[in-house]
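First the structure, in the form of structure tokens, and then the observations on it.
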Amino acid sequence: MSGQWFLFSVDLLALFGIYLALNLSLRLQLGYTGIANFGLVLAFTGGAYVGGWLPIRLGMWLVEVDPSLADDMIWNNVIIASQVDLSLHGSPGTAMTILLITLLAAGAAGALLGLQSGYPAVRLGGDYLAISLLAFGEVLAIIGNNYDPVVGGPLGVRIPDVWAWAGDWRFMAASLANCALALGVWLYLDSIEKSPMGRMLRAIRDNPDAASSLGKNVARVRLNVMVTGGIICGLAGAMYTLYTTGVAPSALSRFDWTFLPWVMVVFGGSGSNVGVLIGTFTFILVQKLIISYKFALSFLPFDPVWLQFLLMGLVLILVLNFRPSGLVTEKASYALSRREMAKAAGKESL
Amino acid sequence: MNNLLKIENLNAGYGGIHVLFDVNLDCTRGEAVAIVGPNGSGKTTLLNSIFRLADIFSGSVILDGTEMQKEKSHKVTGRGVGYLRQEGNVFPGLTVEENLKMGAFNLPKGEVGERMEEVLSLVKPVVPFLRRTAGTLSGGEREMVALAVSLMCRPKLLLLDEPTSGLSPIASAQIAELIKNLKDKTRLSMLIIEQNLKILFDVVDKCYLLVSGRIIFSGGPGELQCDKELMRTYLGLA
Amino acid sequence: MHGAMLEVRDVKKSFGGLKAVDGVSISLPRGRITLLIGPNGSGKTTLVNSITGFLRPDSGHVYLEDKEITHWPMHRICKEGMVRSFQLPAPFGGLSVLGNLLVACESACGESLLKCPLKALWKTTEKDNVREAFAMAEAMELTPYWDAVMSETSTGHIKLAEIGRALLAGAKLVILDEPICGVDPVMADEVFSFLIRLRDEQGLTFLVIEHRLDIALKYADYVYVMNQGKLIAQGSVEEVLNDSQVKEVYLGS
Amino acid sequence: MASFIDALTYSALLGLMGFGLTLIRRTTGVWNVAHGEVVTIGSYVALTATSFLAHSPYFYLPLAFLVCAGVSGIIFLAGVEPIRAKGASSILLLVVTIAISLIMIAVINIYADYLQNVFHLSSKNFLFARFDFTLLGQMGILWAAWAALAALTISYYLVLQHTRLGLALRALAEQPTLAVVMGANVKSLSLLSWCLAGGAAGLAGCLFPMRFQCHPGVGTSMIATMFAVSIFGGIEKMYGPLLAGLVLGFAQIYGIDLLSSWVGPGVIPFKDLIPMIVLLLTLQFLPEGLSGFVGRRRG
């Protein structure tokens, strides 16, 4: 029983880390800069495809594998992956090298995808931008599902386990790594909050024309934010793939990786890190609980998974009706502490 | 009670922004009332609040004995109020004739044609453009159409928000002439916002001076004109 | 050009068939307060929008200190030394009054996604900015409200904060579009006195669009009058007020 | 030839789906993401009725129209209008329709599971081609789909041009506030257009399984294509979706066939990319859409 709970918590933690990173990226784009990115799934998928494509090739190159298998990487991918796994078991150094290179590549892919979806963001605004990004988000899914060489078509591929060296603690290590990614993003966003950058982003969000008249290059800042957001999504996508040791394009859906983050962020409040954290945790927990108690609900004449959709939709409607800015609302903050500001202004206190 | 419109202690604004503070105003039948004041003092908000296009926080707007603050926006026209808005006062993609028909939306279908003839006899300059698309008209022509459209609903009370703003002196004079004509020929009450005071001084029976959301003067136009201090300070007439 | 701060030559801008600005040329000498007046819809704001890069003029040229800035984007024009305010309130609603003022201050390192986590890079600049912003709040009599969120502030205070914002952006030429609209008369006089002080002490140049002539005329060095997209008069306050054409169109007499 | 007929049928169905999106956006300024699920409901109305009451699905077109009009109306009244009345931004309204779409996905799937588990219907994958008739040597669906689309577009056009209601709808799309000032009840007009849009989606949903495989996610998976039809067609004119449906339908089915005969069969799986590319290009270079472009050239 305790073992079951342990696995439950570890998996919860892993998903939580991934989603928190993704949601904070949305907060950077939506909450700070006012870009309604309905194509989060794009950069996430980009990162996931890199995670599905690169590690197995790196693995083949770094460790001893039967070279004849390379003739058909997709057909033989399970055999190759398990052979690489065996070697990685004993060599954390190699595994971590693969991890790092993969993350670098995934970040680069995310940046590229962010850059190209940033192009319409500069010219369009409001709901047209949202629809345009939504359409962008579909593009990689269509390619991945239909073009086998990327990650093996709809059914996907298995990839080597870079956490294999941790043995029994493998899931724990991977979950903690996911959370470390989320923590990094959190700290980064927090430092934006407590710097002139956060102020400028909000100014651009609230009134782009006025910000531009005060010398802010609105188009470039928006593009930079899209690229940064893309990097974060790309990293999250790769980490997720490495955690699940597999990637299937059909599982990288608009629902899971665009709409769900939006629900979490709108619920918690896009103006605050804590809000995003609360939103993320609540929905991940509910999702996990529904999946775990699926069998207890087997008397229902339908798949209990749908309850999750129902619940999310209802909660979102309620939040939008009664608290449109989310559970935790934005607070005006300053780059300097009040004491520092008082000192700068030559006053006793503020 | 000869009062057509009575506004009492009106506090209004938009969402969290408070624009009007304790405004009192009345308008009797057949009277033309001017609301003057500098930009941003809340004149348009006052007219909007009659149509519930602005939020009423407290106070009341009574038209002909009915409390309008409980009425839905689209029902106000039916009570006999025509509104010529400052901007967006015609449907640019519709023809002038369609605009006029739309103006009579609250009338029974059979009366539309009859009313259109009445209105066209009051606003004759519109007749030549009936078939044209409103968006292709010049500023002055469009303003005239908008005036005709606001008359289509058989109003008892006509609200005019800067009917001459942005028009050439000739077009302004033409509009002013039409307004004067309307007042003479019909027993229509009017509430007019105008910056170009001179044009309307001989039409208006009463003036209210609105500054920063408060009425600071009310009286005849002559009185306001005599009060050089008020004229200088708030209207920018040097 | 002869070293004028801003030289505008034959600028035209039309919307559809409407010629909003129809060949206007103006010249702003350094260290002067120039007033631009005219009835509603005469094209003043469109002229300012075409000068400051908010709109693209159809034709004509704009020179800032002898450098051609026609068709430059707004942020680049600001960096070059010309900043403008907007007629309708344009607050950064989610920021406080002080935050609004601070946005205008230059903070190169603090406003980069890469460098902003390193506080040491921007801390000193930020302290200077805070000092300047508080001084500006003081001048605009906004000190009691410095921490209030802009979206919940009254229109008058928003206008004042926006003037302060424009002044803080470090410009040599400041264009104010109806700066005292919605501001009470006493405060409005103080705003203009402050502009005079900035003109005298720092040599700033101002172009002010204003409706409330009673207040604005007292402080103007030079006046341009527009009607129907064209300049109809220019000169000193007396000259303009005695111009028959001005009386005709502006005062309606 | 088969693919030509397929393309023609598919075009009409796309047009029907896009019609509703365009109508809703035009009159109320909302991009309705839940429109895809309304289409799916149309298919399930057809499935349920043909399974339990027999007859051909064509027989239930009016029923699908009514049910979907009702569903769409409820979406507007219960979901969108309360939040719109509070002055929500267009983005927030988009999020609202996403929330509604989540709820509807759940309901549709629960219903499909229920049909399968309790009544042992194959509700997760169905096709009604066996019910179809032939007319002039072609499948009935071709005629039915085009008849529905043409009837809808023409009658809507007639209503717009020749009735008071139509005048009000056009006025509402141009200047909502002014329409209110003139006494038009914006709420009921908006409700009407949502119902009509839902009805059109219901027709499309009811006809879709006559020719194409249907499953609980059919509308959801097509929503991006529907957006492409609506935006590419242009929201200013109601014949936009018809035009765009034709172009996109042919590009997706007939065009890709042609392309594959030149560059090889490798391109066929990517036919779903076409609407996305068209959508993105439209937004970048032809923001007023096909009908707006045609209108501009003429006028």
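Going by the order they are written in, the chains are A, B, C and D; count residues from 1 in each one.
The rule is short, and it goes like this: contacts are C-beta pairs under 8 Å (C-beta built on N, C-alpha and C of every residue); 3 or more make two chains touch, one makes a residue touch a chain.
Keep in mind it's a predicted model, so treat the numbers as computed, not measured.
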Inset, instruction - Please give the intersection of the contact partners of chain B with those of chain C. - result: none
Legend entry - Chain pair with more C-beta contacts, B-D versus A-D: A-D
Legend entry - Chain separated most widely from chain B, comparing mean CA positions: A
Inset, instruction - Indicate the whole-number Å distance between the mean C-alpha point of chain A and the mean C-alpha point of chain B. - result: 55
Legend entry - Length of the line joining the C-alpha centres of chain C and chain D, rounded to whole Å: 49
Legend entry - Where chain A and chain D are represented by their mean Cα positions, the distance between them in whole Å: 32
Inset, instruction - State, to the nearest whole Å, the distance from the C-alpha centre of chain B to the C-alpha centre of chain D. - result: 43
Inset, instruction - Once you've mapped the touching chain pairs, tell me: line, ring, star, complete or other? - result: ring
Legend entry - Touching chain combinations (by label order): A-C, A-D, B-C, B-D
Legend entry - Residue ranges of chain B in contact with chain D within the complex: 15, 51, 53, 72-78, 83, 85, 88-94, 98, 101-103, 105-106, 109, 149, 153
Legend entry - For the chain D and chain A complex, residues of the former touching the latter: 31, 79, 82-83, 86, 88-96, 98-107, 109-111, 113-114, 117-118, 224, 227-228, 231, 269-270, 272-273, 275-276, 279-280, 283-284, 287
Legend entry - In the complex, chain C residues that touch chain A: 52, 54, 73-76, 78-79, 83-86, 90-96, 98-100, 102-104, 106-107, 110-113, 116-117, 119, 122-123, 126-131, 134-135, 146-147, 149, 162, 165-166, 169
Inset, instruction - Write out the stretch or stretches of chain A touching chain C in their complex. - result: 187-188, 191-192, 194-200, 202-203, 205-207, 209-218, 224-225, 228, 271, 330, 332, 334-336, 340-341, 343-347, 350
Inset, instruction - Spell out the part of chain D that touches chain B in their complex, as residue ranges. - result: 87, 164, 167-168, 170-171, 174-175, 177-186
